Each structure stands twice: as structure tokens, then as C-alpha cells.
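Once you scroll down, you'll see the structures, which are given as C-alpha cells.
What follows is chain A paired twice: with chain B in the first complex and chain C in the second.
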Partner chain A sequence: MAKDKLTTRKIVTRVLILTALTIAMVWALLPIVWMVLSSLKTEAGMFSMPPKFIFKPTFSTYAFMFDEGNFGQFLNNSLIAAGSSTVVALLLGTFGGYALARGNYRGKKHIAFWIISTRMTPIAAAIVPLYLIFANFHLIGSTFGLVVAYTTFNLPFALWMMMTFFAELPPDMEHAAMVDGATKFQAFYRIALPQVAPGLVATGILCLMFAWNDFAFASVFTGHDTQTIPVAASLLVSQTGIAWGQAMATGTVIILPMVIAGLAVRKYLVRGLSMGAVK
Partner chain B sequence: MATVSFKNVCKNFGDQEVVKNLNLEIEDQEFIVLVGPSGCGKSTSLRMLAGLEEITSGDILIGDTKVNDMEPKDRDIAMVFQNYALYPHMNVYDNMAFGLKLRKHSASEIERQVNEAATILGIEHLLERKPKELSGGQRQRVAIGRAIVREPKVFLMDEPLSNLDAKLRVQMRAELAKLHQKLKTTCIYVTHDQTEAMTMGDRIVVMKDGVVQQVASPSELYNSPNNIFVAGFIGSPAMNFIDCKVKQHNGQTYLVNEDGFSYLIDNQLADYNDKEVVFGIRPEDISYDTTDTPKENCQQVRVDVVENLGAETLLYVSFGEQSVVCRFMGAPKHSVGNNINIALNPNRYYIFDKETGNSLLK
Partner chain C sequence: MKKKFLLLLSCLAILSLALVGCGGGEEPAQENEQQNVATGELVAGPFEEVEGLPVIQAPEGFDWKQFEGVELNLISENTPPSSALAANIGEFEEATGIKVNIQQMDLGTLVQKVGLDFGANSSKYHLVYADPYQILAKYSSKLANLNELNGDPSLPKIPGGLDDFIQSQLEIDGYMGSKDNLYALPYDAPTMVLAYRTDIMEAIKEDFKAEYGYDPTPNPEMTWDQYYEVASYITDHADELDVKYGTGHQAKQYDSLMCDFSNILAANGGDYFKNRDLGGIGAANPGPADMTSPEAIKAIKFYDKLLGVAHPASKSWDWNGLAEAFAAGEVAMAPEWHEFASMFENPEQSKVAGNVAWTVLPKGPAGSANIFGGTGLAINENAPDEEKKAAWLFMVWATSPQAQLMILESPVGGATPSRTSVYELPKVKTAMEDPSSEEAKAMPNLTSMSATLEAWKIENSYGRPKIPMWPEADTIIFTELSKMLADQQDPEATAEAINEQLNTLTGN
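Then we have the complex of A and B:
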């Protein structure tokens, strides 16, 4: 009897958990599915009631955006700005993080905290001073200016993250390498770096997402030719109406690269984000 | 192969003196063990020799070369770490070949050397595996393999066996000793385990609070410890210590205390009459067979605990406030609560100054 009771209880728990997970999944995915499906419909089909889930998809909206509009260029701007800022932040952040984790000098903790504190500034607070600086250096309207703006936020973040990953690595392996004949730099890039690779990938994705999704910087610092996709998307809402088809297609294009990148590195992402959590 | 010298070496971490004026001459081909409780400076000394820790003052020489400011990679040493420190992203072969590759040996040469070292350690079949696929004992062998493959001047081992289970530790202890006999490379071995020190070292350096207490062969350490710390550290179970006073009586010298302890010694200790000293006797120098022992060296005690270890028996006995451990061969002949007479060997005892802890027998 006792055994039966336990089994029933287990089944109930399982059903409850699955139900909760299903609700959460629908909650998270429905808007995205809706958006992707809508982007493949004609404007008329988009608002038909009841909504159709099975229909003949059309890519006319996408074709229109890339052929008639500047969409290809906006996509390119976004990729360059987000990609460059991520690469710079990872490169400098890895070296800086390693130095902060392994170096032995006075005030190390204060320096580390000062660096991460710069990431705590609200973007709104940084925009005005950055605008004045950029105006002086004639960086307004350039993609390079945008890369600098993203890097000011991504670098402290990357540096702090990499510092934590390196600090969790027992230094004995690098010591063993140095005794084995490695220079300090060889011990860093042949022994320490490969081991924080998951952390590096996770940090990279987070930096990329920050820059890719950014609207505030891009709307202030870019000109007509250097617009990024989020800015371009915002312009689809005009006084004369909303270009629903293009809005849906733009949204799809915005999330697609991040979804692909996330899926491609999800093994590393999980390990990287849980580094240090499991001890 | 080379000699190693520490000359007046000191190491401070901030205000804390971790190693105080270390002087040590290690001979070529010697197996020397640094032993002491945690925080005694033994690992720090080893790491200074490896170049992983800076020297605050003094000189370290490998052969005739002063290595104070030399990078670890240029010292021609190999080190085995307590947690093995294998490179997790490389397989066993690459772990062992790493140092050779950095030294630009040819591929065929590397293969020959790695295979040779792997054969010595019996790990040929593991070369393709990653460290995480190995057991503790296998990892240990790989770590040793990585050290011997380069044929360095000096081996440094930092508690290499402490992460192994007891049985494997005993086995690896013997293998390491065998390996040293074969390779004859100077070896400096750090441990907190006095059994490892006693069984493996040609000479043992006992350290405490950054200060060398005694440098001697295992038998010398056991038989003539310099001070009460060495006496208590070497030997298991540890030496019994009894606080007492020196008393002259009828021209003979006794050690007595208020618990009713009395022991006749053949040493006059003239300067110490009426002064407090610490009497020491090893558990194995106590016997329950009192026939051949003068009654001045026997003691009436109560049995508190009996531990039967099979080949031998440990008896925890007491008189007054004083507890004493005795070690007898064979099965226990007494049970808890018994009052028995034990014989304290009249010739194998130790006496230490109560203030300084130094041995008074020399």
C-alpha cells in the first residue's frame, strides 16, 4: 500500500512539473513563433481570425526589405559593430582578467572593483558625456564610434568575467607548465586559456547580445548610413502606420543570429555560465 | 643530476616569516625528505627551489649555479604536485610530451622518451586517455611520468601521495623508492607524514614554524632526536612525555612526579637536580614483562583502552593524571580496568629541558 501511495504521489508531482514547464515554454516561445509565422504571411493573412497555422509561406516581405530597402546594409552595420566590440572586449578582457586573477600587487581588489563599477553606470547616464566626447573626435555617425561605445560597456564586463574564470582555475597547472619549460605567456595560452574556453564563449555571447540588442547607443550615435537593425526596426513605426509585415520580418532577422549562435555553443554556454557555481 | 644548496634562505609573506634562515646541503643522488606539520615552511622551501616563489633573502644553488632569479623553466627541475596538476585538455601522451615539445626535441625523440618513461611506470596502455578518465593512482603515475621523462637534474615532489587512499599510498611509496634507486636523480620530497619520511628518505629534514629542527638519517632521528618536537613527531604512536623533577637519592638520580611516577636513570644530570624536565619513552620501549627490569623502572598502571591490531596491541594506560601508550607484540593479555605493572626500558629513554625542549642526552 505504502509503495502504491508513493508512486501515485510521484506521478502527480511529475505531471505538475511538466504542466508548469509546458506553460513556461508556451509563454516564452509563443510570441516568437507568432512573429516568425506572421513574417511569412501576407499582410491580410496576418490578421485573419481565427489565425492560420498551416498556410503557404511567402518570402515577399524579406525580398522587399533586402531588395528595395537598405536592410542588407543595416544588418551589416549591426554585425560589424557588435562583432568588433565583442572581439576587442574578449581580447583585452582575457589578458586583463588573467592579469587581475594571477597578478600579485597592491590594491588588486580595488582595481578590479573599479573596473566592474564602470559597467554599473546606466546607459542613459553615459550617453551624454560619450556624445560630447564623440562629437569632439568626430565619431558621431560612424560605426567605429559605436564600436567604442559598446566596448566601454563590454570590456569591463568581459574582464570581470574572465578574471573570475581564471581565478577559479588552480594555479598549479600553470606552475607545472612553467617547471616543464613554459614561459609565463606559454603557460597562459597553452594551459590556462584552453580551460576557460567555455567561459570565454559564454562571455562572448553575452557581449554580442548586449551590442546586438542595443537601441539606445545606436539611435544616438549612428547616422542614416550606419544605422543598426534595432534602429531601422523602430523606424517602421511611423505616423502613417505600422509596417507589420516588415516589423515581423525585422524581428525575426534580429533574433535569428543570436538563436543560431546560442544553439551552436550551447554546450559551452551552460558550462561557462555555471562555472564556479558547481564546486 | 646535481647538488642543491640553501644558504641562509628566508621567506616572508608580508610580516609573516614563513621560512627562517634555511641552510641545507643536499648531495647528488640523495633522496631527502622535508617533513613537518602544515604551515612549517616545507612546501614554501620547495617552491622557492622550483622558482614558483620568490626568495626574500639568501641564495639557492643547483649544482654550482645560483638560481635565485632564474625562471622555473631554466632550472632543469621537474616537479610532482599534490593534486597532480595534469593538463586536463591533453591526453596522457601530450601531458608527458609537453616539456619535451617546449624544449624542441624531435618528434621521434619525444616518442622514444615518452614510451620509455611510460614503460617504467606501466602506463603504456593509458597514453591516449585524458586525465579525467584515469583513477587517482593512474593520475599519480602520469604526473611522475611527466617528471621523469625529461631526465631533469632534480626531482621535486610536493606531497605526491596525500591524495591517494591508504593502500595505494603504501604501494606507491615503495615504487617511488624503487624508481629513485633506478634513476639516481637527486630528489627532494615534501610530506607531512612521518611514515613516508622515515621509509623513503636517505636523510630527513624536520621543520617547524619555518625553522629546521633536525637534519638526520631516519634511524638517527628516531634514536637521538634533538628536541621534544622531533621526538614527538617521529614515531607512531608518538612518544610518551611525562613532566617530572630530577631528584638525587642515595647517590642515585631519579625522575619523579606527583602522579607517583618514579624512574631510575643512569645519567647524573647534576646541573638539573630539583629542576623540572620532560621524560620521554616510546610506546615500543614499554613492556608488560617486568622480570628483567629493575623495579625502580616499573610502574603500576590502570588499563583504559585496549586496541588489538592483530600483530600488535596498543594499550592506553594511566596512573594519576598521566596517560601513557604502550605497544606490545601479539594479542592483548589484559582487559580494560585491570591494574598491571609495566616495565619502562631502563636504557631507552629521553630527557628534555622543560623550558627549551632540547634534549639533555648527548
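Then we have the complex of A and C:
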């Protein structure tokens, strides 16, 4: 009798969990599925009632965006700005993070906190002084300016993350390598770095996501030829209407690379996120 | 150790200041060797002429290519005229050798970018889409005085002169505080008028007339009370009609709500401030608020009542949402910006194409009030002289009757001109008078123009207060109205709240 009760309770619990998971999945995925499907419909089909889930897909919106619009250029700008700032932040963040984790000097903790505190500044507060500095250096409207802006926000994050990953590694192996004749850089490069590879990937993905999805910096610092995809998406809302088809297609293009990147490095991402600061 | 640390900090601070300083300064003016030698008679410029329109002219000997190589940045809201200009910029660039980058965005981002550019005393944007309330009223000191450029004997003049602009629009778009300086030239002219479904009016005409004793079809003599009756009637009989509600509104907690309400406020003889002369050239200090006047309270009460019979989604619609609902056949009547006419007449975007007519907004005790939402084009005062002059050439071209006609006819544009001479052209007149004509099909925005021209008459036009703190005032107004529409406060409390906050904002 008691066993039966236990089994029934288990079944009910499972059903409840499955129901909750299904609701959560539908809640999270339905808008995305809707967006992707809408991007493959004609404008009329997009608003037909009842909505059609089986239809003949058309790529006309994508073709229009790439052939007649400047979408290729926007995509290129996004890739350059997000990619470059991620590479720079990872490179400097890895060296800096290692130095902070392994270095032994006075005020180390304060320096580490000071670095991450710059990341606590709201973007809105940083935009005005950055604009004044960029205007002085004629960086407004340039992709380089955008890379600098992203790096100012990504670097402290990358540095802090990498510092945490390195700090979690026992230093004994590096010491052993140095006893065997390795230089400090070799100990870092050959011993420590491979061990934090998942953390490096996780940090890279998070930096990339910040830069790729950013609108605040891009809307202010980009010019006519340097606009990124999120800025291009905002252009689809005009004074006299919304280009729904292009908005759906742009949304799809914005999320697609991040989804692919996330799936490709899923294993590292989970390991990375669970080994470091973001637990 | 401490000393060393302080020394290091000081060095870093000095280095940062030096870096900021050394990069700075104005961009070196691109001094052009070629001096302007133009004087005397005005002769036609290298642009296509249109019979019946004033010609773009410059003094004899003027070299239209003297600014060749200069690159200008125009920052604009994402609007049809700017899209049309961008699509046709080749004509100007070819004639002058000046490169123009047209950057479009939503108005909020534009205001932020322009504010930053002006704040940094920079001239990244030489040409500015100067919204009268968000840019002109706030930053007029940062805009070039166009009277000086227009009066410069060595430069081209405004074709047709200032008299060719719609005068009420020139006042709102061009001046701030006084008429001493001209800061912008009218560029686009959206105005709120009433769109309605002719098929629905035809369907209810006889029965409604029998019950209420008047024709329900909206017309310039219709009052807001009658509008309410017609809207309620259609909603009550929606089952028998091809529509869901009698009226729809742009009552989202946003600027659109203030615009929608202002029509009713002004029609009742009310206004936001006691000073009633703020809608034209504007003022730095508006004086005390007037939202607790009997007229204002009556207007607020009526608006609350009207929204009670409107499409329930009205409270989540801005002008785009309302336009889409009207085009989808959800509502029979909608106070809407007249430039949505092309969307309503496009069968690909609208289920009601061919069944739409326009008239001025209904009357209140003080007449009909149709809020104006047009914008001017201005030049950044911080720009070096050379670039300012190059920008002036662009202004002359972009606001010329020819360019305004091009914008009207452009498939990516379709905005209505701010020049009276364009409305005198036979093809434009035909399109306005006969919505079924080929001309109207080619320029579908003109189907709302008869009503709009009526709305532009001084007695029917309403300009919201043009004061530097208008963006904040706007937020106060739509926030409090929105609370009322959400049943969080009654109309009297709404009036009190708006009045008090406006006075606090303006220091009165």
C-alpha cells in the first residue's frame, strides 16, 4: 500500500515536472519559433487568422534584405565589432586574469575589485563621457570606436572571469613545470591555459553576446556606414509603420549565430560557467 | 610606497588629460582655394526644372561644385521624406560634388545623438532633422541662423522664398522664441485628421439618420459629441457590419496619447498653459499651467468617456498600432496622421483600400483642432563655415518645391510637401480632388490632402506648446492620462496632477 502511494506520488511529481518544463519551453521558444516562421511567410500570410503553421516558405524577405538593402554591410559591421572586441578582451583578460590570480603584490584585491567595478557602471552613464572622448579622437561613426567601446565593458568582465578560473587551479603543476625548467610564460601557456579552456570559451561567448546584441553603444557611436544589425533592426520601425517581414527576418539573423555558437560550445559553456565565478 | 602610488596616479591622470586634449579641437576647416565670385543676377542651378514650380537659383557665376569633396552627415528620423531623399540623393551629389550620408533612426535615438553632438560642441551631424519640440525648442542656440545664409549675396537663395512655405508650419518649424533668427526650414508636415470607412458609413446611414436625425458620415461640421454617438452606434451594431468598433485611438502611454488628447483639449478651448501663444514661435518660459480650467476638465472627461466606447486595444496603440488596426478593418473611424493615407490605399497592406475617406477632426465649442507634427531641417552651428555653406546648398535643394514634389512622387517616400506651389500643380490638384484618378494612385498620400489643407488653416491648426522643457511636459501629460484610462484616477485628479507637475517643471 505504502509502495503504491510512493509510486503514485512519483508519477504525479514527474507529470508536474514535465508539465512545468513543457510550459517553460513553450514560453521560451514559441516567440522564437513564431519569429522564424513569420520570416518565411509573406506579409499577408504573417497576419492571416487563424495562423498557419504549414505553408510554403518564401525567402523573399531575406533576398530583399541582402540584395536591395544594406543588410550584408550591417552583418559585416556586427561581426567585425563583436568579434574584434571579444578577441581583444579575451587576450588582455587572460593575461591580466593570470597576473591577478598568480601575482603576489600589495593591493591585489583592491585592484581586482576596482577593475570589476568599472563593469558596474550603467551603459547610459558611460555613454556621455565616452562620446566626448570619442568626439575628440574622431572615433564617432567608426567601427574602431565601437570596438573600443565594447572592449571597455568586456575587458573588466573577461579579466575578472579569467582571474577566478586561474585562481581555482592549484599552482603546484605550474611550479613543477618551472622546476623542470619551464619559464613563467611557458607554465602559463602550456600548463594553466589549457586547463581553463572551458572558462575561456564561456567568457568568450558571454563577451560576444554582449557586443553582438548591444544597441545602446551602437546606436550612439555608429555612423551611416558602420551601423550594426541591432541598429538596422530599429530602422524597421518608421514614422508610418513597421516592416514586419524584415523585422522578423532580422531577428532571426540576430539570434542565429549566437544559437549556433552556443550549441557548438555547449559542453565547454556548462563546464566553464560551473567552474568559475558564475555558479 | 604611498608616495610612489600617488605619483603613479598623478601620472595616469595627466596622461589621460593630455590624451583627451591632444585629440581635440575643431576639425580643420577645409579651406577652399576657389573663392566665390558670384554676384548679381540669379540664374537657374544644375537641377531638373518642373513647370509651374519656382526654380533653384544662384547668383550668376556661382560655382555649384565649389564644395566638391565635402562630406555631410544628415541625421533624420526614419521618415518617408528622408528615405526618398536618400533614394534620390544622386541628383544633388552629381550637381555639387558634395557627398551626403543620410542616417535614419527612431526619434528617441536621434534626440540622444543630437544632444550628445551638441553637448560635445562637435559637428558630426551637419544637417539635423530638427523636431520643433525635442530639438529646436531645446537646442536653438546650437543651430545656424539660416537668415544669414539666405541673405549671403554669394549663395543660392531659397527657391520661391520663405513665402512659398505653409506659413503656420514655417512658424512652428523655423523659429524659437522670436522671429529674429530662422533656424530650420519646413521639411515634412504630418497632421492629424480623421480617417473613416465610407462603406460602413454608407451601411448605417439610413438607420442612423432615422434614429438621430443627422447623417453619420464625418464632415467638417461634425462635433465631438456627434462623433461619440456615431462611434457608439457602430460598436453597438458591429455584428451587422464589417467592422468591430466605431472608433480607435492612439492612447498608448506614449507621445501619441498626448497628441490624440490634444485635439480634444484644443477643440474645447483648453490648452496646457494659460499663455495661448506657445504653439507658434514658442517661448522659453510658458508661464502657469491651465489644466484645471473648466475647458480642460471637460476635455479630459470627454476623452475618458470616448475611450470607453473605443476599441479596447486603443490603450496599447500608438499611431502605428492604430493605423494597422484601421487597415485591418478593426475600426470604422480613427483620428490619425494624414500620411498614413498611402498605407490605407495600398491593397497589400490594407483590407480597406478604396473605402477610406478623410475629413478634419470633429469640432468642439472652440472649433476643430488638428495637431501638427511636422519637422524642419536645420544646420549645426558648430560646423566649420565651409561645411555650413555646403549644408546650405543641400537645404536649398532638399526643401525646394522640386525636391518636395520628388518626395511626394517617390515610391519610397510619399510624404506631402511643405510648399504651397506644389499644391498648385494641375496633377497634384487632380489627385487631391479625385481619389479614383491615376494621379491619386501615383500619389496616394494626396487622398487625405483636401482634409489636411483644411486642417492647416490657422483656425483649425493646433500646435502643442513649443517650450524647451516640452519632452518632460509630454511625459507628465501622457503618464497622468494613462493612469486615468487605467481607472487609477478620475478626470479631476488627472487635471490636478498634470497642472501641478507642469507648474513644478516650469517653475511657476
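For this structure, a couple of remarks:
Here is the rule we use: the second predicted complex is superposed on the first by the 275 of 279 C-alpha atoms of A that agree within 3 Å, B and C clash if a C-alpha of one lies under 4 Å from a C-alpha of the other, contacts with A are read in each partner's own complex, and residues count from 1 in each chain.
As a working rule, a residue touches a chain if its C-beta (ideal position, glycine included) is under 8 Å from a C-beta of that chain, and two chains touch if they have at least 3 such contacts.
The shown structure was predicted, so the numbers you read here are calculated from the model rather than taken from an experiment.
When both complexes are superposed on chain A, chain B and chain C fit side by side without a clash. Judged by the touch definition given at the top, the superposed model places A:M173 against chain B, while chain C stays out of reach. Of the two partner chains placed by superposition, A:P122 touches none, neither chain B nor chain C.
By the touch criterion defined above, A:P50 reaches neither chain B nor chain C. Once the two structures are overlaid on chain A, chain A sits at the apex of an angle of 150° toward chain B and chain C, using CA centres and rounding to a multiple of 10.
In the superposition on chain A, A:A182 makes contact with chain B only, not with chain C. Judged by the touch definition given at the top, the superposed model places A:S238 against chain C, while chain B stays out of reach. Aligning both complexes on chain A leaves chain B and chain C separated at their closest CA atoms by 16 Å. Residues common to the contacts of chain A with chain B and with chain C across the two structures: none. Interface of chain C with chain A (complex): residues 1, 20-21, 23-25, 27, 73, 77-80, 83, 101-106, 109, 112-113, 116-117, 119-120, 122, 124, 190, 320, 323-324, 328, 337, 339-340, 342-343, 348-349.
The touching residues of chain B, counted against chain A in their complex, run 50-52, 71-73, 75, 77-79, 81, 83, 85-89, 98-99, 102-103, 146, 150, 156. Of all residues in chain A, only 43-44, 47, 106, 127-128, 131-133, 135-138, 140-141, 219-220, 223-225, 227, 231, 234-235, 237-242 touch chain C in the complex they form.
Residues 170, 172-173, 175-183, 186, 191, 194-195 of chain A touch chain B in their complex.
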